[in-house]
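Each chain gets a letter, A, B, C and D, in the order it is written, and its residues are counted from 1.
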Amino acid sequence: MSDEMTLDLLEAKIQELRELDKQDLLNLSSEIERLEKRLEEMRTELYANMSDWERVKLARHPQRPYALDYIDEMFTDFYELHGDRLCGDDRALLTGLARFDGRPIVVIAQQKGRSPQENKERYFGMARPQGYRKARRAMAFAERFAFPVISLIDTPGAYPGLESEERNIGGAIAENLLTMIGLRVPTIAVVIGEGGSGGALAIGVADRVLLLENATYSVISPEGAAAILWKDKKLTTEAAATLNLTAPHLLDLKVIDEVIPEPLGGAHKDRKQTASALKASLLRHLEEISGMPIEGLLDSRYQRYRSVGRYHTLNG
Amino acid sequence: MSDEMTLDLLEAKIQELRELDKQDLLNLSSEIERLEKRLEEMRTELYANMSDWERVKLARHPQRPYALDYIDEMFTDFYELHGDRLCGDDRALLTGLARFDGRPIVVIAQQKGRSPQENKERYFGMARPQGYRKARRAMAFAERFAFPVISLIDTPGAYPGLESEERNIGGAIAENLLTMIGLRVPTIAVVIGEGGSGGALAIGVADRVLLLENATYSVISPEGAAAILWKDKKLTTEAAATLNLTAPHLLDLKVIDEVIPEPLGGAHKDRKQTASALKASLLRHLEEISGMPIEGLLDSRYQRYRSVGRYHTLNG
Amino acid sequence: MPIFKDKHYFRVNLEREPDENLWMTCKACGELVFKQRVRESDNICPHCGEYFFLTAKERIESLIDERSFVDISQPIVAEDPLSFVDSKPYPQRIEEAQEATGLAGAIIIGSAVISSIPVVLGVMDFRFIGGSMGSVMGEQICHGMEEAIGRRSPFVLVSSSGGARIQEGIFSLLQMAKTAAVRGRLAAERLPFISVMTYPTSGGVQASIASLGDVIIAERGAMIGFAGRRVIQNTIAEELPKDYQTDLFALEHGLIDRVVKREDLRAELGNVLGFFVEGR
Amino acid sequence: MPIFKDKHYFRVNLEREPDENLWMTCKACGELVFKQRVRESDNICPHCGEYFFLTAKERIESLIDERSFVDISQPIVAEDPLSFVDSKPYPQRIEEAQEATGLAGAIIIGSAVISSIPVVLGVMDFRFIGGSMGSVMGEQICHGMEEAIGRRSPFVLVSSSGGARIQEGIFSLLQMAKTAAVRGRLAAERLPFISVMTYPTSGGVQASIASLGDVIIAERGAMIGFAGRRVIQNTIAEELPKDYQTDLFALEHGLIDRVVKREDLRAELGNVLGFFVEGR
């Protein structure tokens, strides 16, 4: 089976052929059309048969749209609010106000960098305690002004480092969980890329939890699981398959509410289309939950998390 | 007029005479008695005529009882709670549970060090943001369990340093003011030594504000005022006199509720007596405010701070 | 023009006396610039971009929709509860400040419209004893927030202050608690408070009301912090970095939300206030 | 003794089988010590003071008033929602852990009395798949807190866990939110939650319920933190100090309230719980 990179190369070649054809009037149009059809078929096959590990790679694809791309496409007037008021301003986790369909919302979003420089600044999307505490400030802000909260999740996980531990990263995540479960406004979380462990969950407790088709959400990375459980870092494909971290699995397991379809080849193949599908879904969900009295909403949210888990009951 | 140190020396000499008399049977008792009477007179005179600057020095006296001494004398079962859950545990500002007359309370206290080593650890009683945030955590704790808060103030001011600014010392103080004004439990603040500026006020917004007789409470130190306003650091005596920072002035100005008397010569001359007078006052005030419905208490506290200030109204 | 000597309180209005000198020299670039031009461009040198110091009136003018300002401050003036004398008696210091500035105190409170949104606005004037916060400023800020509650409108505070008004001693210190108290009411009413920090926002003002904004915006070039460079160097002799207490230092350490150029501040306020206004 | 293979759930009781070996050798000092003596001294070597590893049962025994323990856990056992197989199938791993420990899961929930104060107590057992938190532990912790609410008594949780139960995937992750949710209810009821962290308290347990105690007490020698030394060194190759994630590191950085010796833990709990009990 062809992999994505090969197909991308083929796509580029077809494009070159088209250019050549146009310039030099070679009249290759029917051959080009046939090639395109073949490409489409191969892609459909590829994505139908894509392994979970392939999907993880797609979720991490360097061309994949990041939070600011979606913010740009779906919202207007994004007004970033910086700083945790305690010690820092984490660039891996953004907070701000925006308008969504004209309505003010609070946005919390994990943001990866495109360039090495940007990634250095954004810690590859791995937030530190100051990021999670900035998010908590944004939540309190949302509550004060009754703005719904939309969070966009895209992180390999919380930043694991000495400074993080010194600033109580575990405590910061824990406090966010507690805050979000009781937040007196409608909340939606969307995993747009990687939903990495506690670092994702710390902005992911919400009334609705959505996933993009090629996003993943997992307690641990396949690499981490391979290293810890299989004692072999190379067994990531097996680990990925077993972790059930892709959208179809998560939907089956009933831990997410909806999967937003992506174009063939992934969100980066058509950013606008992806954003537009996500926006439609967000609007629908937001309308639903905004219509509920807040006590009822809090109760549903509580029940959702209170009841999560799989175990069976025996005779005591 | 004699200063305190001279009188302390005289006191020591009298003690030596007494020892000598006892050992060698010199029969100096009547001379010793006369000396003692004279010492007493001089002390009374000294303290009656003590300048405000002298009193500042007494408030900072190295033998003066510090917070832990009062905690030890007045409360039982002090159980220290450490850490701000954010990044550190400030040793200049202690928080904890204790029993006061059998009743659980939350204690917030600024603590100076006796030895150079202890002062290094305690930053001479100057709290950093982590201290003020630990205090805020203690306030939330008190509120959750309906424990009254007693804070003991003794600080030259918040610690002024790069690290403090990096961690938003101003914001930390401001948040505490906001928290204390709305804290849904009875609160009492006592200045036991130095009440230095914003660093003192940040744990000093309360239903009752008390001062020990030789404690001071001021917007700036006399040294600071002399340097800034008189452009001469040596004019501390003048600055001290003008700042109205001693107990009698503050009582006159109606910004404190009560002055707790100290023994002649200062609290350190009889720690137990001082603590016992303070304890009696605290008990009385606590009983008063604990008897009030919390909404009424919050309203009084609000009015107290809402109305503070001196200005006059003209024809607009 | 001893306008306050007879205990009179004048409302601020933004109409200006005609100025005899039509030109001024920029201290930064040395160019001769047309005053009217400078005024129209928020007191920024049209030649080199230098920010000239803004009086409170000029600041108000630079932020609000034209002719929308009404002084709604309390008709109050300072007392001298400590009979404070340093190099001169405090009352004399007040009078001189009043004469120099034409203001009754170090802050102006008004109603105004910013980008078509009605707000209550407080603006400090650094010329008035370093913009220090005494009983009058504390009361005016509280009054402003209470007016905002009464009008159901946002509160905007532009700080420019060295901190506490030492000459009022403990009363000055307690204004920190007083303003925080009323700020709590504003929050309970779910009305937004936008704090704008300009050069300088420090000491007791930074450690109370100015740091309690729902949104905190710093003007580019602002100095923001609690303890001044000199205090630190006197107390603990610590080396301080070059960017100590700059706007960017405050942003990097999470003290503030945004740093904004002076020429963008009006639009910025319109932007952020817009989120809190129904149907915008 | 495949006690759980037939899907039976056994209550924990603290009565012990008579042990054939009356003596054991301390790994730290090499001395032969009398087992009964070790047991009576909280599993501390009477010779050298080494802390021996505590099973959950031993931990409970070391903390509570004698014979006060009643298992009140839910009769639940793990499922295998992901059909997870690594070096062995997850159900087999569970069964082996059950057989090795005699426990149904990695935590025991009981009612007990500590210094005459009735509490609901949860104690993790690190031997059970590293004390990891899956659906069963999450549910048991929540059940424990709800029991505490029902009984109006404090909740005490003794953690000893490597973090999430990877084999339950996303369900394991979500137990962090689940336990935090019920912890919120406990807070709303104003009932105290004392979190005791022992060696180790890390990963998803440290980043959720264990860090949400009203009071957090670490046993001396505890390891406390989110990301293990190896994870950090693999991810970012950072040098880590010797005291990384030690009890004293956690204390110094404000993560916990206290560090307490094992032999003092029982009295410590009595002390702190006493504050929340009427009339003590």
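One rule holds for everything that comes next: a contact is a pair of C-beta atoms (placed from the backbone, for glycine too) under 8 Å apart; a residue touches a chain by one contact, two chains touch by 3 or more.
Please read all numbers here as calculations on a predicted model, not as lab measurements.
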Practice prompt. Could you run down the chains that neighbour subunit A and subunit C together?
Written response: B
Worksheet item: What is the shortest path, in steps, from subunit A to subunit B when you may only step between chains that touch?
Response: 1
Worksheet item: Comparing A-D against B-D, which pair counts more contacting C-beta pairs?
Response: A-D
Worksheet entry | Chain located farthest away, centre of subunit C as origin (C-alpha) | D
Response to the item:
The distance between the C-alpha centres of subunit B and subunit D, rounded to whole Å, is 43
Worksheet entry | Chain centre separation in whole Å, for subunit D relative to subunit C (CA means) | 55
Discussion item. Please tell me the distance, in whole Å, between the geometric centres of subunit B and subunit C computed from their C-alpha atoms.
Written reply: 33
Discussion item. Touching at least two other chains at once: which residues of subunit C meet that condition?
Written reply: 211, 253-255
Response to the item:
Note: subunit B residues in touch with at least two other chains are 85-87, 166-168, 171, 175
Discussion item. Edges wherever two chains touch, nodes for the chains themselves; is that graph a line, a ring, a star, complete, or other here?
Written reply: other
Discussion item. On the basis of the stated criterion, which chains touch which? Give every pair.
Written reply: A-B, A-C, A-D, B-C, B-D
Response to the item:
subunit D contacts subunit A in the complex at 7-9, 11, 74-79, 81-82, 84-87, 134-136, 138-139, 142, 164, 166-178, 180-184, 202-204, 206-212, 225-227, 231-232, 234-236, 238-241, 244-245, 249, 253-255
Item to complete: Please give the residue numbers of subunit B that touch subunit A in the complex, ascending.
Response: 85-87, 129, 133, 166-168, 171, 175
Worksheet item: Can you list the subunit B residues touching subunit C in their complex?
Response: 158-162, 164-171, 173-175, 177-178, 180-182, 197-198, 201-202, 205, 217-220, 224-225, 227-231, 239, 242-245, 250, 253, 255, 302, 305-306, 308-316
Discussion item. Applying the document's contact rule, which stretches of subunit D touch subunit B when the two form their complex?
Written reply: 187, 190, 192, 211, 214-215, 251-258, 271-272, 274-276
Practice prompt. Enumerate the contact residues on subunit B facing subunit D in the complex.
Written response: 77, 79-89, 97, 99, 104, 130, 134, 141, 144-147
